[in-house]
Structures are given as C-alpha cells and as structure tokens.
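Each of the next two complexes has chain A plus one more chain, namely chain B in the first and chain C in the second.
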Partner chain A sequence: MKNVMSNKYVIALYTLPALLLILTLIYIPIVLSGYYGFMDWDGIGEMTFIGLDNYITLIQDKLFWTSTYHSFLLAIFSTASLLLYLAISLVLASKIKGSDLLRKIYLIPMLLSSVAIAQLWMKIFDPTNGMANKLLEMFGVENTPIWLADPDIALYAIFIPVIWQFAGFYILIYYAALKNVPDEIIEAAKIDGASSLQIAYKIKLPLISGIFKVTIMLAVVGSLKYFDLIYVMTGGGPNGASEVMASYMYKEAFKLNNFGYGSAIGFGLLVIALFMTWLISKLTKSKDDVQF
Partner chain B sequence: MKKKAFSSVMTLALAGGLILGGCSSSTGSNGESSSGDKTVVKMMHLWPEGSSNAQYTIVDDIITAYEKENPDVDIQTEILGNEQYKEKVKVLSASNELPDVGITWAAGYMKPFVDGKMFAPLDDIAKEDNFVAGTLDAFSVDEKPYAVPLELNITPVYYNKEIFEKYSLEAPKTYDEFLNVVETLADNKVTPITLGNKDRWTGSMWYMYLADRIGGPEALNNAINRSGSFEDPALVQAAEEIDKLVKMGAFVKGYNGLSNDEAKGYFMNEQAAMYLMATWELPNYTTTPDVSQEFKDKVGYFKFPTYEGGKGDIDSYVGGPGVGLFVSEQSKVKDEAKEFVSYLVEEWGKRSVVDAGVIPATVVDTSNSELHPMYIDILNDLGNATNLTLYADVQMSAGVADVHLNQIQALFGGQTTPEEFAKTQEEALAAEK
Partner chain C sequence: MSEVSTQSSAATTLSAPHKTKKSYLNKIGFGFLYLILGLFAVIQIYPLIWLLFFSLKTNQEVFGMSPFSLPQDPQWGNYTKAWTSGNIGVYFFNSVWITVLSVALTIILASFVTFAVTRMSWKLSGLVLGLFLVAYMIPLHSTIIPLFNMYNSANLIDSPVSIVLSYTAFNLPLTIMILLGFYRTFPREIEEAAVMDGCSVHRIFFRITLPMTVPVLSTTAIINMIYNWNEFVFVNTFISSDNWKTLTVGINNFVGQYLTDWGAIGATLVISIVPILLAFLFLSDKIVEGMAAGSVKG
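Take a look at the complex of A and B:
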C-alpha cells in the first residue's frame, strides 16, 4: 500500500477526477467570464472585442459601488450575528433541558429552500395583511413600515430572514466544536473553582477560536456573493435600494442583455471576494493556535 | 499556509459556482428530439395553471387535440410565471438551448433574438389576413414575421361595483371625477387602487395613460422614437399627476414592494376598489371557474378618464399585441414545430373567445357564440379604439426600458422629482442614438 501511494503516477491518477471536475466546473468558467468581460455581447448575437472598456466602466459605475456597499453591509451584519449564534450554541452545549429539541428547531430554516423562505417572509412583510405589521398594530403602532417597498429599510428587512436562514448552519458548527472541547479540562477548571462564565470565556472560546475564524470567512464570502433572497424578495429594488453585487451582475447579464458587462461585474466580485479572504486570513492569523 | 490555500480554493469555488450558475441552466432541449418513434416538440409558455387558468386550459386542450390528430408527435411543455419566463428564455438562448416553440413579446424585447438569428422566420405560416391589422407587424423585423401574435389587449380600469355603490360613487369619465373617487375612498380608509409596482411595468401603464390623456399619444411616442423629447411639458405634467396621486394615498400601501400577482390579490379579495390591468385579466372576471360568481358580478370596468384641457381622447388605449409564438431557428424539428404553431394559433383564436374570454390576435367570427357581456363591451371598445399605444418598456430597447422602469419606481416612491424623472429618461434615450 505504501508503495502504491508513493508512486507519483498513481497519485496523479487518483486526483484526476476531482481535478477535472474543479477545472471544468470552476476554473475554466472563471477564466471564460474574465474573457467575456472584454467583449460587447448581448448573450445572443455576435461578440465584439472592446478591450478594457467594460472594466473601466465598472470602476466608474456608481451602481456597482452602491451594490458593493450593500454587500459589505450584509457581510458586517452576518459577521456580527455570528456572536449571537455563538451565544446560543454555548447555552445549547451546556446540557440544559431540551437542548436537543431546540437544536433541531434552529436547524429547520436550513432545510427550507431559499425561495420558500423568501415567499414566507414576503408574506410576513406584506404591508397590509402581513404578520409583522399586524403584530405592530397590536402594540398600537400607527404608521407601520412598508418594509420591502421603503428604500431606506428594504435592505435591512431582508437581512432579518438571511440571518434567520443561516442560524442553524452556524449553530451546528459551533455546537459540534464546543462538544469537542475535552471534558477533563472543564472538570479541572470546575475543581479550581471557575464559574461557568469563566469556563466559557477562558476555556471554551479560546479552544474553538480556529473554528470561529473559519466561520467568519464563510460568513463574509457568503455575504459578498449573496443573491437568492434578495432576488426573490425585492429583485434589487425599489429602484436599486437593495441591489447587491450578485443581483446587479444578474440584472446586467440576464435582464439587460449585457453579458459582457455582467461578466466583468462577476469578475470584479471574484476579485473583491479573493481580496477579503486574503485580508481576513491575515487579520485573524495567530501563532498560538491551540491543539488538543 | 494550508488554511490560506484552503480558503482561497473555497472562495474560488463559491465565486465560480456563482458565475457558472447562469450558464448551466436546467433543461437540455435540443439534444434529444425523438423518444422512441415519436417526434418530441418542446414548448415553453407562461400560463401556470394557478394564476392563468383559462389560458393554461386552452393550451392544454389544444395540445391534447393536436396529439390525437398527429399520434407521432409528442408536445412537451414547460411552464413558468411571467417574470421568470422572460429571464429563462434569455438564459436558454445564451446557451443555444431554446425550446422548439416558445412565447415572446413584440418589438424591443424580440429584436436581439432576431438579430442573433435565434428565431426562425415564419413568413411561410403567418398570413397577414388572418390577424387583426397591425398585430403581425409588431412581431415583424424588416417586413418578415418572426413570431405569430396570440393575444390583443387593451387596458381598462377594473373596479369593484359594490365598493363604489357603498360610497355612492360612479365610474368616472373625467380625471376630476376620478380624483374625487380616489379622495372619497381614501377618506373612508378604503384602498382606492391596488398596484404591484415591484414589477414596474404596472406603474408604467398609469404613467402612460396620464401622458396620453394630457399630451395625446404623440407625446410619449415621439419621445421614444426621438422625434420629440421626454422633457415635453405634457410628459412632465403626467409625472406631476402621478406624484399627486401618490400623495393622496391613491395606491395600496407598500405598492413598490408588491408584485403584480400580490397586488392583484388585494383586488380579488375586495380590499382595493380599482385595478388597472390589461384585458388578459378578463377571464378572472368572466369565465374562470375558480373565481366565485359573486365576485365576478361585482367587477365592472371603465375607460381611463379624460384630462381637462388634455389632447388625448377616451378611446385611446395603452395596449397592443401581448405575446406571440416563436419557433427556434436551432430546432431540429422545425417543420413539426411550425405546423404545431399554426395549428395552435388557429385553435387559440377559436377557443380563446368562447372558453376563456381572452381577445385573440386572429380574426374570428364571434356572431354565433354566446359571450359574456363584459367581453362583448371590451370587444366593441377595441373596435372603436382611436389609438393603441404599445407598452413603453416593450417599445424601448432593454437598457433604456430599465432606466424608464427604475424611474417609474422612483417617481411612485417619491425619490425623484417630475423634472428629474423626465431628464433622466431624456438622457438615456439621447445616449442611445
């Protein structure tokens, strides 16, 4: 076995299927979309080479930077909500009654498809008949918000289901990580007289910091490329108030028949996402990653 | 280091998946053309059973009948809602996977497909005489038809008679009367008008009518075909009127966030008194079995009222041919597809009148059929129409249409001034030439 695995040809052979898949499904499309970015193309007829025009337009495009700003807002919100998820997981992992059931409840949104979630929340946000405004009316609020139709709050209104949607996923990750913290360490701390808060802050959190960094990365990159709920719930509207990078790319390519420019936006999105990944891994780098 | 590599790959994977998402759409339609010894003709249309029941049933019946007459042909349908359909067709055509037969809109929407040689010319099956004058032209490029029209629509204002009676209101004939209706309803906390302006073309129809009534049909048409300007005083004034309606509380709460289907719900549930929509909605008020007779009896319609001192008359309509059928140029079963299309158009003309209350684009003799009175009235109105203005967003090219539609949403949302509204569109139209 050892001989087989050290044979370079065998290694190449074994990695080939995965390599081919990644190449054809990921790297080649990336290169292609970068290439389409140099074209003036309506997606149907002939392509014309226009050099860097699309990319120059992109840099000067106010709408693109507004949508980038919205994407970053989402990234900030979802990163901040990681703390909430972490707090919930800490409670769940501390062997309270019914934690099993609660964990399953938190997981439910993850099992729903994005479109179903979007439809559900559109009903909740309906300005006249929706649950949100009916509740507010019950508490005597008179000028209930119009949620998705108000350019000042549409984007934030969508953040709520987004944060709700991913709760289960992150709670699951944190919960698993917390369960991995060895009992001996916690028992030792208890014997030394540490309170449960101290145990959480001084022992559990440092021990799962590696996982925490990974989730930050996932949340930021996931937010930057986020698309589904926004597309279904507002389509980027009203008048661009909830447009994010991915929905802007989709709109240019598929609604306005600008496949060339749409590809350039996609490429811009890729560059921004790569840069953020690099930045985060640099910022969260620490020498003393704990191993146990 | 390892983690960094991992995360880079992860990012690439995520971003790559996104870029790819667009290109790898679902159905491969051109691949297999025959299953067993049957010829498969793939068709896509936009009348889901739930929301456009009448149209869905007609198409379904026609297909069944056609398959019976032609046992060697198998018609397979894929059905999507309006907005999704519009986008999916573009995705499919970008990857050369258009269905053999599908639905398209006229003029500006259709042009890129024709320029890109995606639609087959249909001059061999479309005969001018079979269609209502002008409808085939809307689907023609350089005198050659690339799709055959199915429907012809005008856009009346539907209203709930019961609500009107309750506040002793009458269907308005002038704009001042109309404003009075709106005011009375708003004062009594009844939603006067339901509007799904998330879809934007819905608000555009309100604007188009006001522009027509104030400046006559030429004002907007000239602005779009560049013999005039969008900063024409009539067009600015129309925008001011919209602004006024919004401030009066004429439209349903949160209209800019509601889709047309959601907004329609307010009218169907009698939570709003008026609804401006094209005659493709007629089946819901006449023939559709799912809608209660009690509600159908409450629905009436009126022509968009005239504006005092305005140039447009009451018999001028926003409307025109709705959708048409195309045959894909890439189709491997083009002959069968064309044959099916001409059969469908003919049958559609016969059945749509009687069964659905949809106005077909084909010339049909209706004298022998028993028709719903509202339908006959509309048909008469259509006969007396002095002008039909095609929907602005269909007239314009995709890019300008998007500017127009966004400005409509901004205007209704109070995020722009009427002057700004006109100026932005003038700039977009001017930049194109």
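Take a look at the complex of A and C:
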C-alpha cells in the first residue's frame, strides 16, 4: 500500500532541484573558499598556487585580528543587550494593556533594509545637522562628537543602530516564549504568595532558558558575520577603526582585487563562526532543556 | 508556533486584578514601567518620524531648526525629484519582480522537499534534511567570492538570474525549517486515505497537501519577501548595471550622489521603506508569527 509513497522517481523529482541549488550555491562555494585561499589570484587572471602563504599571512595580519576583535566586541554588546530585551519582554508579557501595539512598534526597524537604516543613521550622526548632536546641544553639550569620523567612536556609534535594528526581533522571540509559559503555573505561584519578581526570576526565566540560549547563538553568530550597516556607513573606516571580519574580506577581494587572500579571510570567518556555534551549544547545554 | 498569536490575543482578557493593600505602590510601579516601555517605543520610532519630517523640508529648515519641528511648508517636490531624477522606478520594479519570483521558487521547492522528507519513506531522507539544516549555519559572506567566480564563468554576472538563484538557495533552509514544524504536527489521515484510494503522489501533493499548508506558506512568503526586498550584499556584488539593480543598492548609490540635498535623500529613503511599512500595517500578525517561528525553530 505504501508503495506510492516510496516511489524513487518522485522522491528524486521533489528533492533534487532544491538539493542541487544548495549544493552548488552554498556547499561547493565554502569548499572553494578554502581552496582559493591557497592561491595568489586577482579575480580575473590565472591562479597561482602559493601553498599556505595566505593562511600564514592571515594569522600574522594585525588588521585581520583587529577586525576579528571588533566583530567580537559587537557580539558582546549584542549579547549584553539581550538582558535589556528580556526585562522589557517580561513586563510586556505580564498582561499589560497595549503590549501588542508596543511589540509591533519595537519591531518596525527590523523590517527596514540595512541600507535605509544605514543612510538614516548617517544623517542622525551628521556632526552639524544630525539629530544626535542637535539633541546633545539642547542638553547643553558643547563639544559634540563627530561620530562616524572619529576613530575612537565610529565603531561604537555603529553599534547603536545595529542594536536599534534588532531589539524588536529579540523582544518578539522572548514575548512568544513567555506567552507559552502555562498560566496555571503562574496562578499557582500567586496563590502561594509569590511576588511578581519571584515569579519572573524563579519560574518564567528558567522555563524560557532554552529560548535564551537560541538567542545568544543568534546574536553571537549574527554579529560575527555582520556586514551591511558597517559597509554602508563607514566602509570599515576611518582608517580601519570600524573594520569587521566580513567588511575586511569584502575590501580585500572586491576593492583591492586580492581574491586569494579575501577567500582565506572568508574561510577564517566561516571557521570562527562555526567554532563559536559549537562552543556556545556546548557551554549552554543542560539536561533539563525545555523544548517548545 | 501558530498557537502563539491566539494566546497573545486571549491574554488581554485574562487580566484579573489582584486587589491588595499594595495596589497604590503597584500603580506607581506600573506607571514607571509604562514610562520605560513608552520611552523605548519612542526610541524605536522617532528616527523614522524624523526621516519623514526632513524628507518634506528644505535644507534651511533642516539645518536651522530643531529636529522636532514639523515641516513648515511640506516640500512634496522632494518626492517628485527623487522619483524622476534617478532610476528609482526601474529599481523599484526590479525589486518587485525579483522578490516575487524568488519567493515563489523558494516556497514551491521547499514544499517539495518538506513533503518528500516528512511524508515519503526513503533511506536518505535524514541526510538530505540534515544538509538543508546545516546550510542555515553557513555565513553567506564566506561563499560570496566563490559565488562571484562561478557566476562570472557562467556569464551570469550582471544578470538577475544570479540574484534569483542566490535568494532561493539561501532562503531554502529557513523556509524548510518553518514548514517542517507545520508538516510534523499536521494530521496525515487525509493523505493516507488518498493513497488507499489510489491517488498519485503528485495529485496528493498538489491537491491535498499544498492547499492545506496555505496558512504557513503565507507566513513564510512574507518573511522571505522582507528578506529579499531588503537584501544588499548579493546585488551589490553581482550586479553592476543600473538596469538590474534593486532598490536597496540603487538608493545606496543614488543617495550618495546628492550629498547635501537632505530633502531628496529623505524622500528616496521614505519611498524605499513605504512598501514594507504598508505590508506591516496590513499583515503585522503574520509577520510577527513568521519572525518568531523562524528564529525559534532555528
């Protein structure tokens, strides 16, 4: 009877097109990226095999490690801001009026393209006419910063719109998870005389710890490969002050035509991202994970 | 995840007041919390209002007056200038058809795979599914140089084909993940009955399964649409001629030319984000549901 549902021809017809797409456009390229890393190549001419040279350069390249450090800084900031989102979600999910509307307002920046966000925030950070400095002037600040043009500030200035962009997304996830906590448990705790803080700390947080781990993973891995805003707003500048791994790779390959070295950086990014994925899942693993 | 939205709407009716002596203190506390939540909402939304304001202002107004001032004499001319003096119309059209085509392809291919993996029995199904799920973890930036080279040798650089293929491939993993959750909880009795009646697999898939999954398909379609509409790196890398640029890359170059004409820059940006905001206005529940589903399953 089940014969129809194990027809090999149909199975091939249904899975092969999608499978071919991800094999040729995702899996083969990552292998090629590692392979190109062994080449001296300008992207147009002949490739020359140079062995491990690119990878040795990469390990000794100060700029690469600086950009890696910047990527990790972003990862730390994003992860730390998760606590704020969690606090906001706890309040939102505690059956207050208007939580639906607020949640949607928070989400709006997430829906916009990185280019629109980047261009908007470049205007906000405009040293003379931007909203940021006009606000600071209203509060009486005299030496207003030049934001994206200041090497000491540029990177942190970009963190602000990145966090602004993703806040609503994480709040949405936490809110959904908190809404899945059964009402009976909360009611029972209330009857036993537990305060709102106790309920949040002792009941709700442990119950959504599984989701919290997922968001840590999303925030860290998302930060490590972050590119769009930085590329548009500063291009990694001024003078490398806001360079991250992906922007450094892009610059080497598509601006300086070092496709071989760029590939080596891209492969390094892949290895670091996968290693962090593994590390986080290892560190946050526990037997009593709650599955939703 | 579909229960999330129903629960959240039910939640508002459940606010049972607990009258205690602490209720005064509670009220103050609640007021304070509301203030923080409200402030956060202002931070999230005000930059966009400011954008809308300066898209209707003259430079004198932007430079001379407070960022909170309303446009005195709305400069709708900024919008006509933004729409007519560049290629915005072309970019806009490209964004629309590339997005629609990629979303359609992604959804049909993802449905095929999810159906084959969850409804049909074969030995390698676990491995194939695994390949799709692992692909989700791979940063697209690590693939971009080899992809550029592959498209280049296939003569697909500066062709929208490269964009549609890339969007489809990179959105398949997430789409399959969302579909999986739905297929796994969905009863198979109807399909099994159809098999008994001697239905062909194609008939079952197109006539029974696909129509039954329309709710989740629309959710994934919206999520895919937002991602594709906003995508930047692929177009920026693979497309060089103005004829095939999409809105994100187009406006990025276009805005750069203006430098100091704030009104025109603002109008261009507003034009690019209005479609998404309109979609959100009408489909916010679906979008919220899809965003939550995609992340939690991942």
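Here is the rule we go by: the second predicted complex is superposed on the first by the 268 of 292 C-alpha atoms of A that agree within 3 Å, B and C clash if a C-alpha of one lies under 4 Å from a C-alpha of the other, contacts with A are read in each partner's own complex, and residues count from 1 in each chain.
Convention: a contact is a pair of C-beta atoms (placed from the backbone, for glycine too) under 8 Å apart; a residue touches a chain by one contact, two chains touch by 3 or more.
Everything numeric in this text was worked out from a predicted model, so none of it was measured.
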(request) Check the contacts made with chain A and report whether chain B or chain C touches more of its residues. (result) C
(request) Have a look at where A:A253 lands relative to chain B and chain C in the superposition and call it first, second, both or neither. (result) both
(message) Let me test your reading of the model: by the given contact rule, A:S113 touches which partner, first (chain B), second (chain C), both or neither?
(response) second
(message) One more residue to check, A:S281. First (chain B), second (chain C), both or neither?
(response) first
(message) Just checking: does A:Y27 make contact with chain B only, chain C only, both, or neither of them? Give me first, second, both or neither.
(response) both
(request) Figure out whether A:G43 sits in contact with chain B (first) or chain C (second), or with both, or with neither. (result) both
(message) A:I56 in the overlay: touching chain B, chain C, both, or neither? Say first, second, both or neither.
(response) neither
(request) Based on the superposed arrangement, let me know which partner A:L148 touches: chain B (first), chain C (second), both, or neither? (result) first
(message) For A:R103 in the superposed arrangement: first (chain B), second (chain C), both or neither?
(response) second
(request) In the overlay, answer first, second, both or neither for which of chain B and chain C A:L172 touches. (result) second
(message) Based on the A-chain superposition described above, do chain B and chain C contact any of the same residues on chain A, and if so which?
(response) 22, 25-27, 29-30, 33, 43, 128-129, 214, 218, 221, 225, 227, 246, 250, 253-254, 259, 262-263, 266, 269-270, 273-274, 277
(request) Spell out the residues on chain B that touch chain A in their complex, using ranges where they run on. (result) 3-4, 7-8, 10-20, 22-23, 86-87, 90-91, 93-94, 112-113, 115-118, 191, 197-198, 200, 252-258, 262, 266, 271, 398-399, 402, 406, 409-410, 413, 415
(message) With touch defined as at the start, can you tell me which chain A residues reach chain C in the complex?
(response) 1-2, 4-8, 10-11, 13-15, 17-19, 21-30, 32-33, 36, 43, 88, 91-93, 95-97, 99-100, 102-116, 118-121, 123-124, 128-129, 131, 134-135, 138, 164, 167-169, 172-173, 175-177, 179-180, 183, 190, 211, 214-215, 218, 221, 224-225, 227-228, 232, 246, 249-250, 253-254, 259, 262-263, 266-267, 269-270, 273-274, 277, 292
(message) For the complex, give me every residue of chain A touching chain B.
(response) 22, 25-27, 29-30, 33, 42-46, 122, 125-129, 146-151, 154, 214, 217-218, 221-222, 225, 227, 234-235, 237-240, 246, 250-251, 253-259, 262-263, 266, 269-270, 273-274, 277-278, 281
(message) For a test of understanding, state which residues of chain C touch chain A in their complex under the given definition.
(response) 1, 3-4, 7-9, 11-12, 14-15, 18, 30, 33-34, 36-38, 40-41, 43-45, 47-48, 50-51, 54, 62-63, 66-67, 109-110, 112-113, 115-117, 119-122, 128, 131-132, 135, 137-150, 165-166, 168-170, 172-173, 195-196, 199-202, 205, 226, 229-233, 237, 247-249, 251-252, 255, 262, 265-266, 269, 272-273, 276-277, 280, 284, 287-288, 291-292, 295-296, 298
